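Letters are used for the chains, namely A, B, C, D and E, taken in the order the chains are written, and counting of residues starts over at 1 for each.
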């Protein structure tokens, strides 16, 4: 597929349909991928394989003032982010050629590490099995066990609103994506509090979740703005840890496409997507099913209303026993 | 009929769930009442008298048994006062003071009468089997 | 750093009885930035205001905090005071220590402590206040009156007499409204048409008044002084400029099945009709749903017979776009549907009629030419029962009745009873009533006349049931005074049905962003002090649209609304509310979320060159039109970056208040 | 050399914790970081790299400095107390142990940082040799021997035994009651570690040219623009880094007074050293360059050629977009 | 607040200018009592309430936060309270999800004519918060020193 993509990109650039391509290059290890802009001279370094988990669409924002058109490689899930960015006028769709690329789920090397696999030197894929070579011998792992968490709640194999698709995709989701949210909802408030304290207390406020998030596209975030009254560079206490994540989830509510980048990049492994997904679940249940980024120009549920919306007290009424 | 404990308006309000202060004495309940002529006190008077605390008079009156519990008053009231429930409450108060049931389900067959409408039996059960 | 003065009002004993005002003034002294603090019996008095003015000058105050009654009461007063001392009016903040403190607390220590906290919050806020300068916007010197009943007509006449242009938009083919349907008016019993039609003619002939009949408001944009209305002029299939109102077409029309709305459906009319003889404009209208030509393509008798050539079957709805400075809502009322009350057998017998139907029956131009007959068989009735409060004062079911008193029923029922007895002394008249409400000039005298002079049988009590029997109506009711149940065999029953706002009002309220109460009556800006203004600037209220009222009250309110409109249109420009939203260019992402929640369309976007530490170059940013923005703040919360903020209620000001309260 | 059965480790920890605070790599919510030990915590000596480095023991992410309190119109000033209790940090790896030397050069040189100095004086460092170095490790480039970690006590895991060797008096005191063992008990383990270290992909990076001599050349290298392009500007690399020592001093207005504290800052952040006029590193290119220039050029220039990187490899595994110091060294170093 | 007394809750009430603030004034005019620990902040419309303000109040030591606005359909700005309703629903849900006690936050619609409802609402809310006790889960200890 990688070669087909390179060929197509080159054709597009040569035809004058675009000037550059936003994709991935390989890093220091066989498994790390860095988003990169290529032109026709170095497009040969373009890499597309099972390690290209990163969602590159946010890089388009900085590209907008430049002349010409950019091809962006989007996996099915990334296409939602692209549409959402266009809806919010952060990306001008006319300056982008969205090239959908097939995806059968991306591999999470961190996951292999947490399985206790150390010193990874190579991974070969054969069907549903991965063979992991390490400094300390070879290990076999089922592919599905090594997928990024975001692939486990895959939004499907369909690219939304792209100009063209290359390669086939597979849906990789397993079970109900709201399962963990529902599990948390079923806990008592104190249990939930303990759960989130445990998770959020790990936060080092590196801002990776925010900076990678395609919805967090503010030119200056409130948490960086001394005039906002809530800025800080470190969570000085529990309250600030909570507040940062509450406000971040709230600011992206209705706009979050559930791309899962926040959890992917968190160095502390905080399941941040569970915050966003809770908002998505609530929106679906209270205001009707809504998928941010499904198309350009949607009016998101928090900038909309109906006369018969539930009262906020519905929050207290739902979930009965654990009130 | 011996009245040992004093029944207050609050007791009746609690038993019936009726708020007599909502009544504006329009008399539509009494205008709709099929037992009006038999009753010493009429539906609107029940409401007024409960409001004034004249409970003993009501409890002593046969009017409480002349009410058919047809609920016409309740249906017609423009302000949801529900006089029938209040009358029922007075009956209940009387029965509670008596401390025993007048009628059990077993007594019904012998009392059955071809001419008696079924509603009357139901009503009678309501009245006497507290 | 601001130099803040704090002024604590005693409000006589209203505040001083439960708040130690001296302690509040003393505590305020220790707050940062406070350079002067004092207390006084009545801050709003001339002496109090003089004290504030002097302090502003003497202590070079940049901010003022008044601890007094609600800002809704005297904020404007104290802002003016500040202006007269050379301070920007928006540098004044009020701490509400009366309504929200001294009046609700009994304990002195508690009240004082809370007053100090409220003062601190106001001080914290004023630290962040900035002088605001109100912008101005021009005023279009034309008014729109929605509804052409007596309320609308009177308002339009008064405005036009002051020299301003007025458009009346009336949804029916003629102006005149409900009053045109009435026979006589209480308490003088003069003929309704005789006093109304000259007014209609005045309106039609007034050079400043433009009547747009058979039309409805389609949409409205803009703001006080600058509304743009789109008015849908429905096709009447008649060329208004040609029709002479001769009425030949209405006679020739072969379709006679249309219910005559003007006569409350008691008789029928042709597909082409003129609602009533004195209609204005005196122009026919074709009911296309009924018209044979529209249904079959044939007929066209009217067209053939019209010598003026006024019939236009191909006429289309027309949209007029007009600009206005002010809008008056005079949409009036309709009687509620009496069929919801099964007990009165309205649906079961044609002899049970509503009062407005009875009004038409009694009217010389009505379906019976003014002769009192039973609708069922045309026979003369001998006994009539009037029932009051049908659906009024009814809290039972919102879909059925109305919780309010409709106000006019007692009087018109007395009028009806009296008119019947006057014309037909043989007819027995009973009136069932709950309370006879007759406050008004000559009202009670009128009612007593019905009882004493005309021998109308007033029965204190309500009807529980009306049943249709062979040739009469059996009425069962209670007489509470005689403590008996009454049974009457009546020939007719007249229901004094409650009145409710016209059904078009709700949609109009939304279009005008004018608030309404749960009963769909338009809300006044203040129930006592601003009874003819809507809270939405530039929208005024006239007649029953605001609440039940009789004709003289309606006319009075119509005049008052006109006066308010004139006051507005006299101005060449309006001062805008300076407490509006504004976008910080450096922070704005141009994401368009704010635009989506703005109820006024005050936000637009433009590409602009911006230089900030985070961004250099051209970017899309939000721009707020300060004349359109009303300052609700919906945009400020939807903005994730905090670029959008509200002057006078900024993020930092509100947070400062929170901090001060939670300290 | 002393020895201790790994089974007895918890008892040993308990003995230490009776007298002083014990900090060890413990697992919380699925992640292993240095934290205060108690019997209920799970110690994970098998995990090579804690997410955050050990520097937090001496230079915590947030540290209160002084509190101001307004009384009427007077200000009361209460400086925070410096650390005054002994503590032990256990399980520090060779790379992190070296980072303490680097931090010392910053915080203990004049003017001495009293908060850091107090923590250093009260802390006893127990290091642990890296039995299974990972592919991201490259400490050997900076003269660090993963088999011979520094610290007050050095430790090795050999089979089911832990061997400990005191390097300082503090260390001596800590382990004096343990059972004696042969001095060469860990030699085989050390050999094995060194054998792996040599095979690591980045065992020998070419650091040529990273010195004061070539400062301008490196500074002006056009490669920075491309290298930094994917950088998100998050602080992950700096916050997991054992040698990053930048902090910001901030005031928090609590309503009742001002709490002045310092917290880690990151040169990757757009508001790093933001001043009234703006910032002198307006784009991510400058910020990215700053971080690596500091580690590889400025710091060694001022500190006898000592690089401000210890090769722990945390940035290699944690950067969300696969950027890291190795990539920079390869792009700008001798192998360019 | 004085530290010597036993704990009483501190409650911040955000009231929209047009309905609820006027309702609060009416409660005052009617001399309807409610506890002094309720302090009102006037905002132009319920839709002006930023979730940040709610969190700020909790941070600074509020034990309960209540938002009062015009009844849905009666907003002075026609749509403000509809947005507020969704926003607060989502915020409350988020707080609940994080394990913050339900009941610390509330929204009530109080019209300018509902002085009695305002007072009754405040009495009830104060009681709820008193029963819930001190806000420990969302406090910033620095603010309590």
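What we mean here is this: a residue touches a chain if its C-beta (ideal position, glycine included) is under 8 Å from a C-beta of that chain, and two chains touch if they have at least 3 such contacts.
Quantities reported herein were computed from a predicted structural model and do not represent experimental measurements.
The chains in contact with chain B and with chain C alike: there are none.
When the partners of chain B are compared with those of chain E, the chains appearing in both lists are C. The innermost chain, defined by the distance from its C-alpha mean to the mean of all protein C-alpha atoms, is E. If you compare C-D with A-D, the chain pair joined by more contacting C-beta pairs is A-D. Farthest from chain A, judged by the mean position of CA atoms in each chain, is B.
If you average the CA atoms of chain A and of chain D, the two centres end up 30 Å from each other. Between the CA-based centres of chain A and chain E the separation comes to 36 Å, rounded to the whole angstrom. Between the CA-based centres of chain D and chain E the separation comes to 46 Å, rounded to the whole angstrom.
Averaged Cα coordinates give chain A a centre that lies 52 Å from the centre of chain C.
Of all residues in chain C, those touching 2 or more other chains are 597, 614, 638, 651, 655, 659, 662-663, listed in ascending order. Counting partner chains per residue, chain A has residues 220, 222, 228-229, 236-237, 302-304 touching two or more of them.
The residues of chain D that reach two or more other chains are 252, 255-256, 259, 270, listed in rising order. Contact annotation for chain pairs lists A-C, A-D, A-E, B-C, C-D, C-E, D-E, with touch applied as defined.
On chain C, the positions that touch chain B within their shared complex are 343, 389, 393-396, 401, 432, 434-435, 460-465, 476-480, 483, 485-486. Note for the complex: chain A touches chain D at residues 27-29, 32-37, 54, 59, 110, 113-114, 116, 118-121, 134-136, 198-199, 201-202, 204-208, 210-212, 220, 224, 232-237, 261, 264-265, 267-270. Residues 65, 87-90, 216-222, 225, 227-229, 251-252, 299-300, 302-304 of chain A are the ones that touch chain C when the two sit in their complex.
On chain C, the positions that touch chain A within their shared complex are 586-593, 596-597, 605, 612, 614-615, 617-620, 638, 640-642, 651-652, 655. Residues of chain E touching chain A in their complex: 51-52, 55-56, 58-59, 72-73, 79, 82-83, 85-103, 105-107, 137-142.
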